[in-house]
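First chain A sits with chain B, and in the next complex the same chain sits with chain C.
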Partner chain A sequence: MRDVAIVSFAQAPNRRRELRNEVEILMPVVQEAVARSGIERPFDFTCSGSSDFLQGQPFAFVIALDAAGAWPPIPESHVEMDGAWALYEAWVKIQSGQAETALVYAFGKSSPGDLPEVLATQLDPYVLAPLWPDAVSLAALQARAWMEKTGATARDLAAIAVRSRRDAKSNPNATVSGDAEIEKLLAAPAIADPLRAHDCPPVCDGAAAIVLAAGERARKACARPAWIRGIDHRIEPHSLGARDLSVSVSTQLAGEKAGAGRGAVDVAELHAPFTHQEAILREALGLGEGVRVNPSGGALCANPMMTAGLIRIGEAASRIMDGSARRAVAHATSGPCLQQNLVCVLEGA
Partner chain B sequence: MTEERKPVTNIKTPMRLEFRYSAGEATSRFLRGIGQGKILGQRCPSCRKVYVPPRGSCPRCAVPTAEEVELSDKGTITTFAIVRVPSENIDVPLPFASVHVLLDGADIPFFSVVQECPVDEIRIGMRVEAVWVPKQELASTLASIRYFQPSGEPDVPFEKLAEHL
Partner chain C sequence: MAERCAIVGIGQTHHTARRDDVSIAGLVREAATRALDDAGLDWPDVDAVVIGKAPDMFEGVMMPELYLADALGAVGKPMLRVHTAGSVGGSTAIVAASLVQAGIHERVLTVAFEKQSESNAMWALTVKTPLQSAVVAGAGGYFAPLVRGYMRRSGAPDDTGIRVAVKDRANALKNPYAHIRDPNLTFDAIAGSPMLWDPIRFHETCPSSDGACAMVLTSERAIPKPKLAPAWIHATAMRSEPTQFAGQEKINPVSGRMCAKDVYSKAGIANPRKQIDVAEIYVPFSWFEPMWMENLGFAEEGQGWKMTYEGATALGGDMPVNCSGGVLSSNPIGASGMLRFAEAAMQVRGQAGEHQVDGARIALGHAYGGGSQFFSMWIVGSAKP
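Coming up: the complex of A and B.
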């Protein structure tokens, strides 16, 4: 396998309602990531992740290319998924020897629509989507199954929200942060029982960009590159009824293939938009109590769709690049109830 | 065919999603300008090209465009098509000309339709001017420009438009 590393990362502030267009949001983020890498455009490959359904604007992903500097025409690709999968495609491109450098970016503008309703359109169009189960209700089905199985309580879930919001205080890009009192959180009514507001992510708009480089190019671009030592992704059946929602088999397998357990993990950034999902993911990845999880505050505090997974990889890489971690695990999810999962293992050397 | 083997040929699954679209900063400024009877573009700080309608960025240089430029509502046809099939969405009599108009002061052409001119007289290089709705009806929408019509000025030679075709 070729040595490929993340050499820079940038993200936009995650706002509840962003009035700028997708290029206006992305361009400063791409510029920051590119400038930090010191690599001159054009990149050998560019790959992005986004979904036009979110903002209800067809071909927003093509318009967004303006932010990347796509003239003369560049080799590029797009995934209708979280940008973490765009990063995977770029990594494969570099592994195959077709590129030495790659720009990866993602954006999500959910505020123009009703996100839980929009997400219902990704379900089976004949027998499930017509019933309009919204994304929060589906997550609640999963939370209930997990709580019944493990004996976990609403208080256990609220503790995850309290820790995440406290950690998000040091993240200037977070949408939600602060010192929350567990009793106050628990006193709030349920949105979709057993989930309360603090168990769910804020709906927000955002963007992120990462620069990848191989071997010497990476060493030149960054004092301490975050080397990708393993990356894998797995998907579970489309039918929610065909899955055991209380576990994440796809995360477990992706983690094993990526080699998450092959060494001590200093920090993990888990893409868990709902509190109970963090617990499911920790178990799937075998992360013990000693592992620092989501020091950024995680997706519970900023969950720009199609972007929050790439941000997890960027946040984990940042811990490597700033020298505060030696080995990190990043995770991204896509689809309802942790349907599809990607695990990326990053090391400083 | 027995009942069990008949194909299910139709199911009804009504679907409705509503969006509150935001045009972005640059396009919002452009639309507000249209509401005042002005056409506003933006100049790229790097290649100096003027974009209209502006999107806040130069797609060639990948840099933000902040400098606002007020453009003339007169321009030159850089290419055209004669439309002879009706469209529910375009309320002008057939046949009509869809055109690219290079507004004076702009570097990329602007899409519109030409009226008040027999279609066989439409040509590349022809000078045209915008026909706006009455002042009291101006609003932040491109419908404020009803169409373009010939301005009567002499044609612009083809060579001068080469870059914009």
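Coming up: the complex of A and C.
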């Protein structure tokens, strides 16, 4: 495998209701990431992640090309997935020797629609989607399965929310942050039992961009590049009845393939939009108490669709680039109840 | 340096207007099963799945790869979903190839599909959203002015498009998988068909199809005991440009020219018309054959129509194009690009049956999408690159 590193990362402030359109959100983010890398355009490869269903229009990614800068024409591709998978595709392209540098970006503007209902259209269109189970209710089924298996309580879940919001105080891009009191959180009614508001992510709009470079190009672009030492992703059966929701076997497998356990982990950024999912992911990746999880506040405090996974990689890389971590694990998820998961292992040297 | 990548299995469905007998999962599995059978491989042999399709609104299922993971045997494996507009079938194959070329996987299954009967593509292409200009014309309305522009510039005879349609519809009769297989589609029948988007007539237009295409790609060391020799990927290329900007060349797009130049240079092709034996190119409206002949460098600018007129692009001509009947005869949109790539590979493997070009050794697969702004291409050969 070639040495490939993240050399810059930028993201938009994650707002509940962003008045700018997708291109307007994306453009300054792409420009910031490119400027920080010091790499001159054109990039050898560009890849993005987004979903038409958020915009309610086909070819949502086509307009976004205006933000990427595609003139003269560029080698470019797109995944209808979280941008973390766009980063994977770009990494593959560099591994194949067909590129030395790559620009990766993602965007999602969920505020104009009813996101939990939009996500219901992700389900099996013949037997599940016609029932319109919304995304929060499905996550609640998973939370219940996990609590029953582990004996964990609503208080345990609330503690995850309290910690995440406290950490998000130092993240200027977070949608939700602050010093929450556990008793007050628990006094709120359930949205979908056992999940309360604090167990669920805010619906918000956002965008993020990452620049990748190989070998010497990375060393020139960044004082302390975040080297990708392993990256892998796996998918599980779609039907919720066909898997044990209290565990994440695809995260575990992706973590093993990416080599997450091959050394001490200083920081982990886990794409856990719901409190109980953080606990499930920690277990799947074998992250002990000593691992700092989601110092950014995580997806519980800012969850722009199709983007929050790429942000996890960007946040983890930032901890490497700023010297505060030596080895970091980033995770991204897609689909109902953690159906598909990606794990990326980053190191400072 | 990149590993060599071989195409060892190819499968497709019988494309048709409605496949009410299968679900979306059934449709993709049918093509994938045929590709695995062709390769002599089984589901557990596959390391990863790369799937592509055009906009999710064409079926009304958001990110359908999640639901298709089971049907495509992807559980426990990596699965990627590509979407690059109409070029997606080609781009998807290119992503799958790069997984092998990078040495990450040995055997990759790649699938592309569209089940247009589940929704209405014409509607999905016409959605009006606030603050953005809507096409409100479907694809034909968008491309007709470009065809008109080409006619004016090149001075091509008005019946060039009809001649392309006559050829492709005759070719489709030799392809058992083609959607439109109608022996009555003569020159007069096509010329007399209703004008949909002037100058594009009904029978100069692609159909709406349900269909899927699949390929199995492997590294050199993982080539299964061959039923048939593999096709080898000699080069791949992609290019994109923005949808619209002042001074843009829409009729002979720069992105297409750059993409062709890139793929030829990687494959060592100096003279495409001499060195390429057969081409499968994305022609959703008949006039795009002469337009792409020029864009791809098979003809000088303004001269592409002569190739059609002189029969050069016919099966048996010196530069056969779309021997399968092309997109004009089968158009499961997301799969249409992969069908071009797969048909190119079938030609160099000698498995194209009645529409086989004798002795084809080097073939071009081409796809485009959006407003003539996304291009993907590959060159495949019967010999190792």
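The rule we apply is simple: the second predicted complex is superposed on the first by the 349 of 349 C-alpha atoms of A that agree within 3 Å, B and C clash if a C-alpha of one lies under 4 Å from a C-alpha of the other, contacts with A are read in each partner's own complex, and residues count from 1 in each chain.
Just so we're on the same page, a residue touches a chain if its C-beta (ideal position, glycine included) is under 8 Å from a C-beta of that chain, and two chains touch if they have at least 3 such contacts.
What you are looking at is a predicted structure, and each value in this text was computed from that prediction instead of being measured.
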Who does A:D114 touch here: chain B (first), chain C (second), both, or neither? first
Which of chain B and chain C A:R20 touches, first, second, both or neither: first
The chain contacting more residues of chain A, comparing chain B with chain C, is C
Partner chain in contact with A:P125 - chain B first, chain C second, else both or neither: both
Contacts of A:G56 with chain B and chain C, given as first, second, both or neither: both
Under the stated touch criterion, which partner chain does A:D66 make contact with: chain B (first), chain C (second), both, or neither? both
Report for A:P237: first if it touches chain B alone, second if chain C alone, otherwise both or neither. second
Considering each complex separately, which residues of chain A are in contact with chain B in the first and with chain C in the second? 21, 55-57, 63, 65-66, 70-71, 118, 121, 125-126, 129
Can you tell me which positions in chain C touch chain A when the two form their complex? 1-3, 23-24, 54-70, 74-85, 91, 94-95, 98-99, 101-104, 118, 124-125, 127, 129, 131-132, 237-243, 245, 254-255, 258-259, 262, 370, 373-374
Contacts from chain A onto chain B in the complex sit at residues 17-24, 27-28, 30-31, 41, 55-57, 63, 65-71, 111-114, 117-118, 121, 125-126, 129-130
Chain B residues touching chain A in their complex are 11, 13-15, 17-28, 55-64
Chain A residues touching chain C in their complex are 1, 21, 46, 51-53, 55-59, 61-63, 65-66, 70-81, 85, 88-89, 92-93, 95-98, 118-119, 121-126, 129, 232-239, 242, 249-250, 253, 334-336, 339-340
